[in-house]
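Below, chain A partners chain B and then partners chain C, in two separate complexes.
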Partner chain A sequence: MAEVRQGCELFESGHRACGGCGPALAARLLLKATGENVIIVASTGCMEVFSTPYPETAWKVPWIHSLFENAAAVASGIDAALKKQGRDEKVVCVCGDGATFDIGVLCISGAFERGHDITYICYDNEAYMNTGIQRSGATPYDASTTTSPAGRCSLGNVHQKKDMPGILAAHGAPYVATASVAFPNDFMQKVERAVNTPGPTYVQVHAPCCTGWGFESGETLAIGKLAIETGLWVNYEMVDGEVVKAKKVRRKPVEEYLSRQRRFRHLFKPVRRDDEIAKIQAIADRNAEKFGIDIRRKE
Partner chain B sequence: MPLQVGCAARPGKARENKTGAWRVFRPVVEREVCTKCGMCALVCPEGCVEETEDETYVVDLDYCKGCGICAEVCPKKAIRMEREEK
Partner chain C sequence: MSRVEFMQGNTACAEGALAAGCRFFGGYPITPSTEIAEHMARALPKRGGVFISMEDELGSIAAVIGAAWTGVRAMTATSGPGFSLMMENIGFAVMTETPCVIVNIQRGGPSTGQPTRAAQGDMLQCRFGSHGDYSTIALSPASVQEMFDLTVKAFNLADRYRVPAFVMADEIVGHMRERVTIPDAVEIVPRRKLEPGQLPFDGGEDGIPGFAQFGSGYAVHVTGLTHDERGYPDTMDAEAHDRLVRRLIGKIESARFDIADYEVENPDAETVFVTYGPPSRTVLQLLHDMPDEGIGHLRLRVVWPFPEFALSVFANAKVFLMPELNMGQMAREVQRHVDQPVIPIPKLGGDLHTPAELKQALEAYR
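Entry: the complex of A and B
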C-alpha cells in the first residue's frame, strides 16, 4: 500500500456515523474515485440516514434520496433525462445491502435489463444496520442478528449470502466487481473503472460495521482484511460475465475472522461448535475453489 | 425554520455538526516517527485528517470521533490513542 492516492474531498466531516464506520469510509473513497461530475442516487439505509439528517448533508455533489426499493429506477430516469439534454454527468446509485439484495432487486433488474448508463454501488455491511441489525439477503451463514438471534433453539442466520454480483453479471452487465474498504486503492480503481464503462455496472464493497458485527471501532479495516484472508469475501472483477481477476491470498482458517466478532460469539461460547465452524470453513473452501484464490507453493 | 421545497440542503452543510464531542480516545501523532505516507488521511471515515503545507498530517479534533482506525493502520505505529481528560 505504498502508493496512496489523494484527491478531492467531497464527503464532508460532521456526518453522524458511528466512529469507525465502514460505510462512511466507503462513501468518502467512492467520491474520490467518481470526482465532481456525478449525481448520486441514494436509497434508504444507514448511509442515507447518517449523512443527510435534514437540513444537514455531508455530500458536496448533487444527491437525491428515493425510497428503499427504487434507487435504480430513479437513476434510470436521471440517466434518460441527462441523455436527452446532452449532458455527461455520471449517475451513481449508492445503496446498502438490504436495498440491493432484498428490496430493490426488481428495479435494479429492470435498470440493468434496459441497459442504462448507471453505476450501482452496494455497500455491503451484511444486515439492516440502520433499523437495528435485522438480517438481510447479504447476512452470512450463522451470523446472529435481531431477527435471527442465536440462542438455545437457533444458531443465527440459517441462509447463505446471496450471490448478487453473479445475478447482475447474468443480466449482461459489462463490468461487475467486488471490493473492500480494507483495500482503499483497489476499491477506488474499481469505482473509477465502473463509472467510465458505458452501460450498467455494479460494484459491491464490503464495509464492516463495528456496531452491528460487534468489534472495536479501530478494527474496521483489520476485520475487512481478515474476511479476504480467510476466503469468506473474495475481491474479484467480472467483465462481460467472466471472472477476469481475483485477489489471491494465503488462506487463514475462518476461525480467526469469526472469533473477533460478537455476531459469531455463539459459535465459541458457551460451548465451541466445531461442526458449525466446519460448515463456514466449507463456504470459504468453495469460494477459494470457485475463484482460484489460493496461492500454492511451488513443489 | 422554513421548509424548502424538495427539502434541499446546502452542499456539505454537515460541517456545522461538530462530532468531536463524541470522542473518548484522542489520536496523538508522533512527528519524529511519521513517514508521511498518508494512510491515516486515506482511511479516516470522517475525512478529518488533513495534510498541511509542510506535508505533515494533523487531525481536526472538531470532528475526530476517536475511532482509532488511523492508529491501527499506521505502518510505523506513529499514532497512539490517549484517553480524553475532562
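Entry: the complex of A and C
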C-alpha cells in the first residue's frame, strides 16, 4: 500500500491553491487512499475554485460539481444507479465545512438515513474561505471572521463548533472518523477504511487555512499538530456509533495554538483576555475528558 | 449636512439599508454580494441591530420574514444560486404580505455560472420565479449612488405595499466604486398599522391591509395557505382564493403609476433605447458622443411593476432598442406593450456593451 500511495498521484500539482493550503493537501492524500476507481462529488467551495479551472484542473478522476448544498444527494443518485448496474466504483463526496455543516445538512442527513454506500469527506478549514472568510458552523469559539468580526461589540464567533461527526454517527453510520492533514498516514488509513466500509461513512479532516486563519504558509502542519496537541481537535474513530480509538497526547495549553493565528489575535491584543482563553481551555479540557486523550504521567 | 464618500456599490447598498432603518440582516455568503453581509455584520451590532449568518439562503429569507413580523425592517442579500433557493419563501412573503428587502447582486447563470461577472439574467425570475400568480416590486440601480438611494426606496416600497421588494443590482454596480452623497436622514415611509376594527388581511380601498405585527395586541394568524380577511386558512373556498390573489396582484399593479421611477431623454426621438441598470451608462455615453442624432432613452429605475405608460412618452418612436445583460428578458415585456419593433441587444459574459456596439445596432435598425 505504501508504494501504491507514493506512486499514485491523482491530484495533479500546479493548481491555484495558496502556498501551504491544508485542503489541497487533503485532496492529494485522500485520492492516494481511494485509488482511481472513484467518482468524486464536490460542492461549491474553495477546493472547487482552486482545483478545477482549466488549464490547471487538478483532478485525474471522474469529478462532478454539485451545487453548494446537495453533494450527498447527487452521490446518492450515483450510488443507486451504479449498484443497479452492478458496478463497484467508490462514490466519494469532497466538501468543505460550509457545505457540510450548514447548507448541506439536509441532503447529508437524507443520504445517511437511506444508507447509501458513499463516503463523505469534509475538509474542515473552519470558515467559508472561498467567499473571503465568513463564519460557518465549524468555526471555533472566538475566531474572528468577516461575519463574526472581533471588535468593540464582539469577541469573534460566539458559537461553538458543531459536532458533525456525532450527528452523522447518530444516523447509524458504520464508520465515522476525524483526521488531520498534519498526520497524513492516519488520514489515508481512515479514508481507505471508510471507502471499504459498506454504507455511508464520514471522515472530517482538519485542514488549516493559512489565509483565513492568519499564519505563515510554511506552518500549516505545525498548526495542525498544535490543534491536536492542545486538545482543540481530536483525531478519533467511531464504529457503529461508539468511539473505538482516539489519539492520545501530552496536552499543551491552548494558548500555544491560539497565539499563532491572526483569527485569535484579539484575545492577546490590545489587552490579554484571560477570561476568554480560559473558556477555550475549558473546551479543550472537555474534549480531553470526553475522548480520554490525556497521557497521564506515571507518578 | 450630507457627507460625500467614495465607496463600493455593495457598501452603499448596506449603508442605504442602515439609513432606512434596517436593523436585521439574515444572510449567507455568496459572490458577488458578500460585502453587503460583511458590512452589515460590522455595522448592525453598533446600532442595536442583529446580524445572523444563516445556514443557507432558505434560512436567510425565512429569518428575514420572521424578523419582519416582529416589526423591524429586515433584509437579505444574495446572488443567482442563492436567489433560486429563496424562491419558495419569496412566494410565502408575497402571500403573507411580509414587507422585506431582497438584494440580488446578479451574476452570470444558469447555475453557478460566472460568480465574479455581471449579468441581468434574473429579471424575470424576480417577477415570476415563485409558483402561482403574484406581483412584486423590483428596482434596478445603475450607479453606486443608486445602490444607496434605491435600497432606501426598496424599504419604503416594501412597507408601503407590504411586499418583498427586490434590489436587482449586478456585479458591476455591486463592485464598482464611485462617489456617493449620503444624506443625514432619508425619508422613511412608515408601515400602516392595523386599526381597531379592521381585519388583518382586509385590503380596504387600496388593497393594502394594516400590519398586525407580532406583539401589537392581535392574535394574528400568518399563513401561506389561502386565507380569508381574518387570516384563517380556507383552501376550499374558491371565492376567497380568487379575492386574495386578485388583491395581491391588484395592490401592486394599480399603484404602478405611483411606484414608477424612470428617466426620459429626447421624447421626440424615432429611435429609442430602453435600459435599466448599468447598460444605461453605455447609452449615456452614446448620447454624449452623438448629441445631434436625436436618440431617445428611457431608463427604468423601477422595472417591476412595469411602467408601460412610460413607453408612450415616445410618440414618434419607430423602433425600441434594448441592450440588456441577458438574452432579451425585458425586451419581451416591452414588446407586449408596443406595436413598433423591439430589438433585443443581448450581451452575455459579464462585460457591458461598448458604445461602438450600440452605435452599430443603432445604424443597423433605425
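Quick note on the criterion: the second predicted complex is superposed on the first by the 290 of 299 C-alpha atoms of A that agree within 3 Å, B and C clash if a C-alpha of one lies under 4 Å from a C-alpha of the other, contacts with A are read in each partner's own complex, and residues count from 1 in each chain.
Note that contacts are C-beta pairs under 8 Å (C-beta built on N, C-alpha and C of every residue); 3 or more make two chains touch, one makes a residue touch a chain.
Because the structure is predicted, anything quoted here is derived from the model rather than measured.
Asks: With both complexes overlaid on chain A, does A:T146 touch chain B (first), chain C (second), both or neither?
Replies: Second partner only, chain C.
Asks: Could you figure out whether chain B or chain C reaches more residues of chain A?
Replies: Per-residue touch count on chain A favours B.
Asks: Touching A:E69 in the superposition: chain B (first), chain C (second), both, neither?
Replies: second
Asks: With the two complexes superposed on chain A, say which partner A:D102 touches: chain B (first), chain C (second), both, or neither.
Replies: second
Asks: State whether A:G20 touches chain B only (first), chain C only (second), both chains, or neither.
Replies: first
Asks: Please indicate which partner A:Q134 is in contact with in the superposed arrangement: first for chain B, second for chain C, both, or neither.
Replies: second
Asks: Check whether A:S154 is in contact with chain B, with chain C, with both or with neither, and answer first, second, both or neither.
Replies: second
Asks: Quick check: in the complex, which residue numbers of chain A touch chain B?
Replies: Chain A reaches chain B through residues 1-2, 4-6, 9, 11-22, 24-25, 28-29, 51-52, 54-61, 181, 184, 210, 216-222.
Asks: Show which residues of chain B lie in contact with chain A when the two form their complex.
Replies: 1, 4, 7, 9-19, 22-23, 37-39, 41-48, 51, 60, 62-63, 65-69, 71-73, 75, 81
Asks: Which of the residues in chain A end up touching chain C in this complex?
Replies: Interface residues on the chain A side: 44, 65, 67-69, 101-103, 105, 128, 130-132, 134-135, 137, 146-149, 151-154.
Asks: Can you list the chain C residues touching chain A in their complex?
Replies: 27-31, 34, 37-38, 41-42, 45-46, 51, 53-57, 81, 85, 111-112
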